[in-house]
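Since the structure comes first, as structure tokens, the remarks are kept for the end.
Think of it as A, B, C and D in the order they're written, each chain with its own count starting at 1.
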Amino acid sequence: MPSHLALLSCLLVLLLSLDKFLLHYLKKRLFSGPRIIPSGASKSRRSMASAAKWSETAMLVIDMQKDFVDPAMRSPMLVAGGEAVVPAVAEAVAVARERGIFLVWVVREHDPSGRDVELFRRHHYSGGKGPTVKGLKGAELADGLVIKEGEYKLVKTRFSAFFATHLDSVLKTAGIKNLVIVGVQTPNCIRQTVFDAVALDYEKVTVLIDATAAARPEIHLSNIRDMKNIGVETPTLEEWRH
Amino acid sequence: MPSHLALLSCLLVLLLSLDKFLLHYLKKRLFSGPRIIPSGASKSRRSMASAAKWSETAMLVIDMQKDFVDPAMRSPMLVAGGEAVVPAVAEAVAVARERGIFLVWVVREHDPSGRDVELFRRHHYSGGKGPTVKGLKGAELADGLVIKEGEYKLVKTRFSAFFATHLDSVLKTAGIKNLVIVGVQTPNCIRQTVFDAVALDYEKVTVLIDATAAARPEIHLSNIRDMKNIGVETPTLEEWRH
Amino acid sequence: MPSHLALLSCLLVLLLSLDKFLLHYLKKRLFSGPRIIPSGASKSRRSMASAAKWSETAMLVIDMQKDFVDPAMRSPMLVAGGEAVVPAVAEAVAVARERGIFLVWVVREHDPSGRDVELFRRHHYSGGKGPTVKGLKGAELADGLVIKEGEYKLVKTRFSAFFATHLDSVLKTAGIKNLVIVGVQTPNCIRQTVFDAVALDYEKVTVLIDATAAARPEIHLSNIRDMKNIGVETPTLEEWRH
Amino acid sequence: MPSHLALLSCLLVLLLSLDKFLLHYLKKRLFSGPRIIPSGASKSRRSMASAAKWSETAMLVIDMQKDFVDPAMRSPMLVAGGEAVVPAVAEAVAVARERGIFLVWVVREHDPSGRDVELFRRHHYSGGKGPTVKGLKGAELADGLVIKEGEYKLVKTRFSAFFATHLDSVLKTAGIKNLVIVGVQTPNCIRQTVFDAVALDYEKVTVLIDATAAARPEIHLSNIRDMKNIGVETPTLEEWRH
């Protein structure tokens, strides 16, 4: 027992001289039980320290589907400001991949009958041709966005990505504590996902202010204001990247 | 069988000549199975037709607690515009009682340790003296508001009255399809409850625009705008009463 | 106004002379607002009265996938008694279609990494070859079972079909009040779905005792006993059919 | 940088020679960020190592209320085997307190109208005198059981302690990963809580086989069997204590 204590003292001195990232790295590598690591994570690690920093973060890419952001679809669900943020979303995804962040692609996919869509939108569904019907072109991701191996696709049927889905289960058991959110549209699916994330006790919730969009700028900004007021961080993509 | 068909034809002609309220009344009285009727409902009925009209409606009174609306409490959770709407909330409650509407009083009651409050608010809890701690004065309803027999008290720990509570269960099994919402504050607990109500397929969700409040008018109004955009009705108390 | 009252009296006399099914039919056809009717419902109606009787019932077909019921798959998830009930499940589905009952096919589909499966089963997932991985053969329905147009596929990742899914939302907004449950396996996915259905206040929950199965008969029967004790009906397929 | 690597090598050798508990202790003490510690936890620590071992465990004491376990109440909800396990539950609670385990007292408290109880039990509620009505004697804890400061009371209205409650939220944000479950009754509230706990990815779920009870021994044991089959541990109180 005395030798154990000696060992402990020695260890403590050593540990206290190490920098925070090294501690974090050791914590993740040595002390954790078996844990599911996103399979794509290892590929893009610039360094172990960086990967450790981001291993508790997931990026939610929300509703970046043709019916929401591609005017050519002529969908009643088109978000006016959506097309303009596709490049920023693609760039945010690229940064997330480089950092080894777990990527979750949240999409709506509805039954042709519309029986699983909100009541106030069911009139859009007739003849099996409604917005983001599963299998139709409008439900596909916008051009330029692709789900890669090791990333996760999560289907939802309401605004919030957490409403009646297993998203919280997937994230929590993967050790995710922080969320970065991009996509459309700010007052509905973005905000509801964000408020639910805060309610579900994610430690840090970040909305990239220029990789999210609404129908009009004042709608976007008033919702950003409300999210800031409950502790959400709202950097630009450039600020988040550095 | 032919006589049944004749009877049916006759009946259809009669039915089609009746006005909407009468139909509604018959539907409720003749065709429904046994159903739990709020026990206080019968007392204030002006007429059976009126009661039938409102038997599928509940009013949610949200967070009208001293720590949120009474400046004398000096709570960090005080909503700037809250005190001003107490009379309108009391008036809305009186109208609801007169109409036999099921009243649900939604309140926050937290553990003294703050372990059941949102992470970003936990710093307010030390020494067991945080906002709306169960049993403390700040958790009481604002002066002038009282829960009467037959009404329901629902404790929540997050913004939305539906988040991790049995509210939807109580409402749906009571046959409630429409909600009227009053209280504080618009961008957080009001809005999150409203968006969840829409996600949960309540048929009509109504927010009384002058019986709800936020810290500043522009916050209140931008949230009212967003709620309107998803089909929520936003009358004044006077409009709703007539 | 007096003429209205006369009309009402007349109507009441007529109504009281009608039988229960006719009342039920009228209720559904005349008094309901716009409602999503399962698109396949109309095809197999033997009579309107029958269709009315079953329009509030859904059948949940649970986990009838190759990895659970087909020994040829050599899956660690094989349910010993599963293969034997495939014909009974197929027969129950045929009866449901004839009656116009809304059919919901509940299946597990997991990520190749196993990150969305229960912790105690994750060791089965390595190299992307675990049980009921989305897109692999083991996740397909057992031979002889097919999802037809107008029926609904619901993906779950835990035992209960209601756990972290939008099933309750789809059923409740379709006006479903009664459930009939078939599939595998009795102590886990069947029972958890059944207990959740009772908790969610479905009015009548029915488990077809010979269209469900477990690893061993005594496991099956002890769970049937427990379900009976909370008010669940447990007829045979033959009893249910007549 | 080379010196960092040398340090790391040295550290690894040391770490690998330490036993599992020491590792666990270090993990908790040195590497964790600020975390809410149950306020009663520190009082009964025999040693830091022991406290560390149990800081991730909560005990759920389920439905130990007079109407469920006290025959003198003459409640229709009385569990035949309930009274016999009150001493074992009390003993389990004492051990939990000694170990600094977070104690959660899960109870049913219903509205006098019964409007928040399961449909199949509502006939028990008339005249406001149903089982475990809030404020009545039947809802009190059994004699000998008391909630102490720093412990948590959680009200539920359905079988599972997790169904439509904020229990998972309270446990997860307190860092709880393991659950020990005692109370009544095995096939309903115990089992549903246990299966939900597994679905919610608690790492270790333990049911004390002689501090839980059902109406009859064979019901108790068949449910224990099913729980074992999904990885739940089922020691006796004596086995768990040592």
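The working rule: a contact is a pair of C-beta atoms (placed from the backbone, for glycine too) under 8 Å apart; a residue touches a chain by one contact, two chains touch by 3 or more.
Protein identities per chain, from UniProt: A, B, C, D = Isochorismatase-like domain-containing protein.
Keep in mind that what you see is a predicted model, and the values were worked out from it rather than measured.
K.L.:
Same or different for subunit A and subunit D, when you check if over half of the residue numbers at their contact belong to both copies?
P.N.:
Result for this pair: same.
K.L.:
Any idea whether B-C or A-B has more C-beta pairs in contact?
P.N.:
Most contacts of the two pairs: A-B.
K.L.:
Report, in whole Å, the distance between the mean C-alpha point of subunit A and the mean C-alpha point of subunit B.
P.N.:
Their C-alpha centroids are separated by 32 Å.
K.L.:
Please output the residue numbers of subunit D that touch at least 2 other chains, ranges allowed.
P.N.:
Counting only residues that touch two or more other chains, subunit D contributes 119, 158, 163-164, 169, 173, 201, 203.
K.L.:
Applying the document's contact rule, which stretches of subunit B touch subunit D when the two form their complex?
P.N.:
So the residues of subunit B in touch with subunit D come to 36, 38-39, 111, 113-116, 119, 122, 150, 152, 155-158, 163-166, 168-170, 173-174.
K.L.:
Going by the contact rule set out above, which residues of subunit C touch subunit B in the complex?
P.N.:
4, 7-8, 10-11, 14-15, 17-18, 22-24, 26-27, 30-31, 33, 169, 172-173, 200-201
K.L.:
Using the touch definition from the top, list the residues of subunit D that touch subunit C in their complex.
P.N.:
My answer: residues 118-120, 158-160, 163-164, 187-188, 192, 195-196, 198-199, 201, 203, 218-219, 222-223, 225-226, 229-231.
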